[in-house]
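The structures considered in this document are given below.
Look for chain A in each of the two complexes below; its partner is chain B in the first and chain C in the second.
Right, the complex of A and B next:
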């Protein structure tokens, strides 16, 4: 007698399980091991690109919880990143607080701002909510530029945020026979946090609050009719999203050791929207894929252009630069994904997985 | 290139530090093996603007990061694309022109060490600058150009960790006392202090309303810091301080604020594209104060269009150096020859010259390090701290290099007005002057 493929979903319980099969657990374990080995062969530059991608992934997961799972459009993500960055910088620098204090403090600051913004979502939706959150970016810019005692104003501020957890200093890790550089060490810190945040987000979306958030996204009045407390879950989504963004901002500040208001502009918010669109709206791992894709694609295009003179020559002939090619690819990808694959890279992966799962009856 | 463009080098050259042979007045013995630019009137391939003067090395420098015993690799982080490409391209081209000249005409630094310059596009973004820094830091002995005040601030902690020297393509006063940085031009603050001190006491600004319009970033803050300092000393208020963002294209609001405030003298700390927009808006609104522009705000292309008359009547530029004709200065001649030979820059501007003269000063630094027999990161820091006076060959003020606390940046400025009949479209109002307040200004490190 044949047995059913354990990866197949046959009941609701299967659908919300974290790992649906032993093979899936093995895949994740392999992925983690491979990721853990990466810094051994990475240059500082590659580690640096990966660290920025990881930081973006944390914030993108936050935005996906808000936009992808709760249906609340936000253009204010850059503001939350900035709040986290400056909070982390201040708490660590002025109060000499350790990692285990400044990172939660940054998340808390973001959560509080999210708590203030969240209630607007009760009365506004769609474009109107987008405009309100857009305003938040400008208000935040004003504050960042003028609250000089905290932010350093337009000159920016240095950040001396230690990343020591107990005896482990994530700015200079070492194992027998290998001393990791600061960039390589940060790779571990950031991607461990990505993993934890992704796990947290996954658990939220597969539990009662997550289902409520998705009900709000799909039809908020219907959700309310079946007993979902709209105010609670909309505000909760804002709080979670802004806390994660602020945490990412604090990590960004800690890693870069310098931040200024110019790093938290509207363009950053738009880039995060692009990350979840390209990665997959409503998919946690899509957020990670999107963040990695959007942050690394400019570097990949640059590397290819630099390596193959023919590419650069071609760009010259058609009057483009690497920068304009990057911009064009960025815009084109968003259009293509919206038109051809609205659920993004994540959905492409799901389809590939489904193909093999249902093989030989894939179609 | 037009005659005006060629002659522009004269004033552009005013920003230049022309490296002298031995680099420094530390008293170490040196041999002058070439003809100095000051002593020649023709552009001979083997003649450097600096004059090739290299002290006999105590020992040959050992290979180290960025130096394989034959070739010295240096890094350039400049915005070659994006919103600031207008300034980044000529800045990087200035470096290219100089190092290509050294490689091809002199056989390299000290006649034997070819310079390999690695140019990376930093997009004028801090995080990209950090990435590109990491990309090439282990392949270079130093960064010979890092464009953007914020970008320099962003990599400063990394420079300290790695003990690498970088030359900022930015004139912020923060750099003066910074061990890891090698600024070669007078600070923005110095120019503003000199200009307004002169205008207040001699130029007719006394009793008039003084205002400012600045870019909303560290560059703008530097200009404003100079104005606040001199206004405090001379006890005049700065009535309106308008700000704009570098990405802005509409300047109606900040210019209207100046107009409503009745401003009669306005400091403009801006970049050329934005300064053109500001002047265009002011002309449209019928607002015609005396504009005092910092040198990076001005390029002579601004006078080529409909703003010519407005600028001729209303715009002054504070920079450094005399009003020179192209033909009168050998260093400018050589720079022009190299610009034509090695770059595709059509009309050199302030930024091209800045990049070129940075490389000249760095040439001195390398000469010194080679004379000391050490091109390592430590060796370059030691060489910088004992470099002494850089010879500007009469083109402007000269930096004095010692340990950071004893460095003395140039305190001289010149004030020009727009005259399209003159080189670079600028006519001298007051040449190479230095005020007490400019020398009083205290330079502090950035809080980084």
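Right, the complex of A and C next:
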């Protein structure tokens, strides 16, 4: 008799465990060590790409909690990012507050807006909710453009949000023998937060509130019938998701040192939806994969077209700009991706894992 | 008083344009349950096709519009064939994202072919106006209203009195049952995409005619038509038209009287939409979803 594969799920306890096997623990530890070593060999440009990817991952995890796990489609994510960005900028700039105040303040502002918007989800379903949240983006846009004393209007506002936690300044980290640049230092800050947020999300998902949220997603009436408080969990999902988005927005503002209303448009919301769809709806690590994918692709296209003269010549001949190409490829990738694998990158990964897990009986 | 009438007329005309765009949304939604985000690109595409036929090839304007509608319809069918047919039965969410991807692609194709500059459609209406009892009405506005009425009537006839319309309604209601009755759901879906794109093309022409100009941002107007569609109820053509008028008129009045500041009218459609949906969660004429366990 052979011993059972420890990765096999035999009971509910196994299903909700954070780490299903020692191998999984080990691979996570390896991943973290590798990530921690990355900035040593990274150029500023690469670090910059990775920081934006990490910031997007934080907000994408938030959106996945709402859309992927609770089934409430929101096109309003950009609005929450903006609220967080401006709150972070104001609290740190006008009130001279440190990192440990402005980041929670931004999250709180996002949570409050989420608390106000959440109840809409109790009355509206599916597409109707999606379009109302779409309206939210335009309303937020209007507020950002016109509440000039806080947001600086259409010209935007410069942000001086320090990232000092105790004695550690995450804008210029150093270890003996190596001083990190600003971009490299932010890499640590952002990805540590990604890790914490992912862990938080994973823990929510595998505990009672998360199970309740998934019951609401699968069929809300049935969930209600077995005793899930619909209002509580729908609003909770909104609060969580918008708080995470706002946090990401504040980090974005701090990293970029400047924000304007044009950075929180509907297209940003769409990009976030694209992230969780490409990554895998209802998968926490899928949101991270999706965020990395969607934020990196445009940069890669820029790089490639700058490097190869042939690409540039071709674009010139058909009268296309690099920006156009970027947008078109972005769109095409989403289409191709979803036609070929509607369940996202995460699903591909799960399938590969399942293949090895059930080997040699892989069907 | 004249001022009020002036704003109302402008509102009706704007509303009619929204309504035309919203009607395109409704057709696809009714047949497939998908909100087509690429609708805006059909709107722009239609206007550019008209430009190409009328200005570049020198064909008569009316013929150009017909060609543009046919062209957009063909593009709609082509997209349905190459892309959407493959994802039939996948989660609606993924399909909606695919239409978003298409929006990005088509928009860039348009800017690559026709450039980013503002173009003049050289429509026969120009900036001509007629005066009715002190109220100035531009010709294009009158034509837009007539066209919207005609399209709505055509929809009514199509859905109520033709076998294709019956097939469309059946397929929308329950695709599997429709298939079991021998209805080709694929054909129904293809036809809905064609019809929707053609209506969008017409909307594009009315949006780029008159005092307005043709630019790639034309597609964005479709976003303003979202409230119109949702306000009327997503599966109701009549609702789309009424929604269009409600949005158009409130927007025109807010802009005219500068209610709540100079630029508030830009967000007015969304505010109206949110308020109405709070009272009626399925829009004014939408079908209420039955909730079963």
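Methods note: the second predicted complex is superposed on the first by the 338 of 363 C-alpha atoms of A that agree within 3 Å, B and C clash if a C-alpha of one lies under 4 Å from a C-alpha of the other, contacts with A are read in each partner's own complex, and residues count from 1 in each chain.
We adopt the following convention: a residue touches a chain if its C-beta (ideal position, glycine included) is under 8 Å from a C-beta of that chain, and two chains touch if they have at least 3 such contacts.
All values derive from a computational prediction rather than experimental measurement.
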Which superposed partner A:277 touches (first chain B, second chain C, both, neither): second
Touched partner set for A:348, first chain B, second chain C, both or neither: neither
Partner chain(s) touched by A:331 [first = chain B, second = chain C, both, neither]: second
Partner chain(s) touched by A:132 [first = chain B, second = chain C, both, neither]: second
Touching partner for A:116 - first (chain B), second (chain C), both, neither: neither
Touched partner set for A:319, first chain B, second chain C, both or neither: second
Per-residue contact with chain A, leading partner among chain C and chain B: C
Partner chain in contact with A:146 - chain B first, chain C second, else both or neither: second
Partner chain in contact with A:35 - chain B first, chain C second, else both or neither: neither
Chain B versus chain C as contact partner of A:302, first or second or both or neither: first
Footprint overlap on chain A, where chain B in one structure and chain C in the other make contact: 145, 321, 324
Interfacial residue positions of chain C with respect to chain A in the complex: 35, 83, 86-87, 90-91, 93-95, 97-98, 100-105, 107-109, 111-113, 115, 223, 226-227, 229-230, 234, 261, 263-264, 266-267, 269-271, 273-274, 277-278, 281-283, 289, 291-293
Residues of chain A touching chain C in the complex: 73, 120, 123-125, 127-128, 130-132, 134-136, 138-139, 141-142, 145-146, 219, 221-222, 225, 266, 270, 273-274, 277, 281, 318-321, 324-325, 327-328, 330-335, 338-339, 342-343
Footprint of chain A on chain B - complex, ascending: 80-82, 85, 121, 123, 126-127, 130-131, 134-138, 149-150, 153-154, 156-158, 161, 216-218, 220-221, 247, 446-448
Residue numbers on chain A that touch chain B, as the complex places them: 43-45, 47-49, 52, 145, 152-158, 182-183, 256-260, 262-263, 265, 299, 302, 321-324
